[in-house]
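Labels A, B, C and D are assigned to the chains in the order they are written; within every chain, residues are numbered from 1.
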């Protein structure tokens, strides 16, 4: 119960708050139909994303998933660029092409993008790990994905290769038990994903994804393994609070299940832990207020950038 | 038999429902096709009506969706398999380019592969480069597959019913932009639309335009505008690419001496190339103007909804191209 | 050590002998260049194929692999049809299209073919299992494959679905430690394949593939599980005696490794066991002689059929 | 600099060897490319010369081969990835149709994807429907990919070197039938063959024939026979399909007024369709005869070696088609 512990948890809490405050703005843009694409809210899963990213170096690679935004901001990406992507502005990270999370990018911070097809990141993270190994850079390549995506064949093909070549790769499965309307238990034979990685020779950790400190601790161990050439895997058990996308009212799902998920909110849990560690209510709420203010300002700034013109579609196809 | 005005999506739903009621060997699987009724609502009620044994959700396993359908067909079922977006057929590459079209042939015709793959395609709603494609051209270049590209609710229903009863594999491309478009559809469960018979959507004498799926409404709108200028456009919707009703196209070009092909897939190596080059060869002596193609630009489709509109032919472009060919 | 044991083993030995005698003819056809495609000899792996097929019903489905021919004859296929395929005759099972093992077919005996791309049989066996389940046929679908093929993504995608739906499927991995010139240990992170299937919820057996009786026992247990709706998996440890294809002199491989593999010949092992069970040398050698005679006669008969004409390529594309 | 007579396979080997020596970021992976030197012997010595870190065998993981190459390129390497047969590129569908061509564009051009995929293609040796295809047409319909289709040892070397130095993804189709064909190849490690420049393999005035890869020798043989009849054929080998040197083709057709395209892939929706329809449009006024395509039949390729010969255009057919067009 040191001051250090409190400071560490405050830092994690701050990243969770930033991710959530940003997501709140994106949800508002989606509900007002200013953003008309799909957004997949990550509410309830911020602890995993903040916890893992807290142990990464700036130059470590990140391939993120579609659910939520916390990994992006926690890895260092400027929210103005992210909101620029949602608003379809040339100031967005994709220069006006992207209109959603799907393809945010920030090479400076090792954020190498996301594919539209699930499971893209297994093979790409393997390739990034290979590059780091051959170029002797000591960077690790991380990939986040859901329980659904973990059924994709690329998991296996990349997995055996990563294990054989001892690539510095860390995979993080955010197991929220759902893929759109499909319950994991109904469409895959097991509830647990980590044993699949273990069977390939990965070092594995299974962790409560709602407890950001537990995630951080697991990620610290796992990332050290990965950096040392022992591919590593974290399965974080979590819950999806919202629908698959903003606007999905989840008719296929038990009300109780959602209610339970809400109770195990990683921000609430961290607040309780912070108070136990001696933080004041004011400390905690000022972090949230700052995050909200930051994201409001970011949205204002993102709006200053113009929308692209039609020729934009012909730019950037070739190097 | 009566007809009812229903949407394109609902017409597809009815086709599946009726065929599942008729033939217990018809099964359906794909992501979210069960309790949820499909992410676009196309499979609503089927789970409730035909039960969990015959209507099944799968995980993120496109290789299984297509390859498993081939296996199920070998075992005596008549599977309808849905990929959530047509782009994901390309994810299941080995299964859709090899197993599905070639398994029967490679094994000397020892069995049939009565599979229907339902693949919602085209640009709509800012879903980006890997959820917006119109990949029918790739599959037209793959011997062994039949291909349907319906543009109306009635055709969607009638062609899907034909597809389900067909002993060969069919890729059934549904246009997501058309899902909510309504049209009169027969309630007759035995009314099929045959494969390989084009539909002349509008008769005309100055120019033949070939278009299918989501481009048909745009071409018809353009034809209407051109009619106001006194230009008479014949609009042919092939409805299926394999088999392709060449006769109807050729007869029309013999009449109009001019041909324009309009499609959503990128221009280069798009399906228009096949139709144009066949016309340029077989109808060489009939043509009074070059055969022209109007198609999507050769770029991936951006996610920005404002920009994606630049990625398929719009009415004014169709009008301009038609005018130019007629005045050649 | 009953008479029954001896009779059982004699039956197994007979199937191994038939497979090897047929392969000898195919090797001869390949070496004489009368057959000019690729053949992948299964010498040393006959015990797995004979052992598993011995517990299958005639109507159980078989998707075989490229290595050897024993599964085909053990499952009941007429060698005349197989040789017809190698000789490219219309009397072959593919009516003159096939010119090798790759696509032999025999629907009567549940032999549903093989793809040219490795890993095809994972998804197809799942589909066959689904058909059996929906049609309430009580048939199981088997698929054979190598250690190399087990890295294909289709393993995972089909595997989770088979497990979720409790399909009557039995997978048999013939783990010979090589994929062409690549050692399993070098290109995949582990030596063992069965744990991957276990992690998906399959019942698994690991067995010495050189001991046909052990294979049969494992296959009996596993096939019963599969028939009862518990997907099952057998990993049979084995060795590839010959090169990847007939003519491959294996410069990439240790001579010792090959020599060792030869010693653990499943036919030799079975001979020893037969003698222990009271069979005579004459019993054993007459089985071999019969097999050789059978295959010689089969080849003669296969040759009676004509070669196809050019139009053959247009037949059988459409139903 | 001197030239040496070496095979097409060896020319490819030299290109890789030289580029790996020049640039330590160039790595190579694929099945059996290491100790074995490739199942067709194309990568011999590279493992010994450039070491196990840079030359790596993989398991049966085509998805990784292509997707991993994209990731490695993002991480600063310049990977050469080999699929054992071009057909297997279709197995890696998501990776070859999506990740490889679209990752840069989707992410607003934030990085380059300097990947070369080597894909041995075409009919040879009775390896059947899934090991004999010429899938370049599928990839030509995919914006974001450059495509090389060399027909001679010198081009194979020079184009591969250009491909390795290119910052865009390249699919490099090698013709297996040509691996043992010899030709004079420069030893100059800086002699590159640029993309987008067709080669006029033979000059002529009566008919333009466009052909690439394995069809070039057949077309040249046909041209030789036709010359004996006094018919003068111009043979154009585009060498790369993307970029495509339209100017050279157009100039030739302006001269000959006649165009025949010959390729091995199935006729329908094959690459000939793009070239023919472009000619039929842009060169409409120049043509004295229909644009014709001669191509593989629309069937999977049988494994029987006697039958596979019926699956790509043979010299007599080329001669007959050329004669017919010239006499039109």
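The rule is short, and it goes like this: contacts are C-beta pairs under 8 Å (C-beta built on N, C-alpha and C of every residue); 3 or more make two chains touch, one makes a residue touch a chain.
Not measured: the values here are computed from a predicted model.
Looking at B-C and A-B, the interface holding more C-beta pairs in contact is that of B-C. Per-chain Cα centroids separate chain A from chain D by 41 Å. The distance from the centre of chain C to the centre of chain D, with each centre set as the mean of the Cα atoms, comes to 37 Å.
Residue positions 94, 96-98, 102-103, 115-117, 119, 151-154, 157, 160-161, 164, 186-188, 317 of chain A are each in touch with at least two other chains. Shown for chain B are the residues in touch with two or more other chains, namely 58-59, 61, 63, 87, 91, 94, 98, 105-106, 128-130, 143-144, 298-300, 303.
Judged by the touch criterion defined above, the protein chains are all mutually in contact, each touching every other. On chain C, the positions that touch chain B within their shared complex are 61, 92-98, 102-103, 105, 107, 112-113, 115-117, 119-120, 122-135, 141, 153-154, 157-158, 160-161, 164-165, 315-319. Contacts from chain D toward chain A in the complex involve residues 25, 27, 53-54, 56, 58-59, 61-64, 66-77, 79, 94-95, 98-99, 103-114, 143-144, 166-168. Residues 31-32, 34-36, 39, 57-61, 63, 87-88, 91, 125-131, 297-300, 302-307, 310-311 of chain D touch chain C in their complex. The touching residues of chain B, counted against chain D in their complex, run 87, 90-94, 96-98, 101-102, 105-106, 128-130, 137-138, 140-141, 143-144, 265-266, 268-274, 276-277, 279-282, 284, 287, 289-293, 298-300, 303. Of all the residues in chain A, the ones that touch chain B in their complex are 36-38, 88, 94, 96-100, 102-103, 115-119, 148-149, 151-153, 179-182, 184, 186-188, 251-252, 307-308, 310, 312-314, 317.
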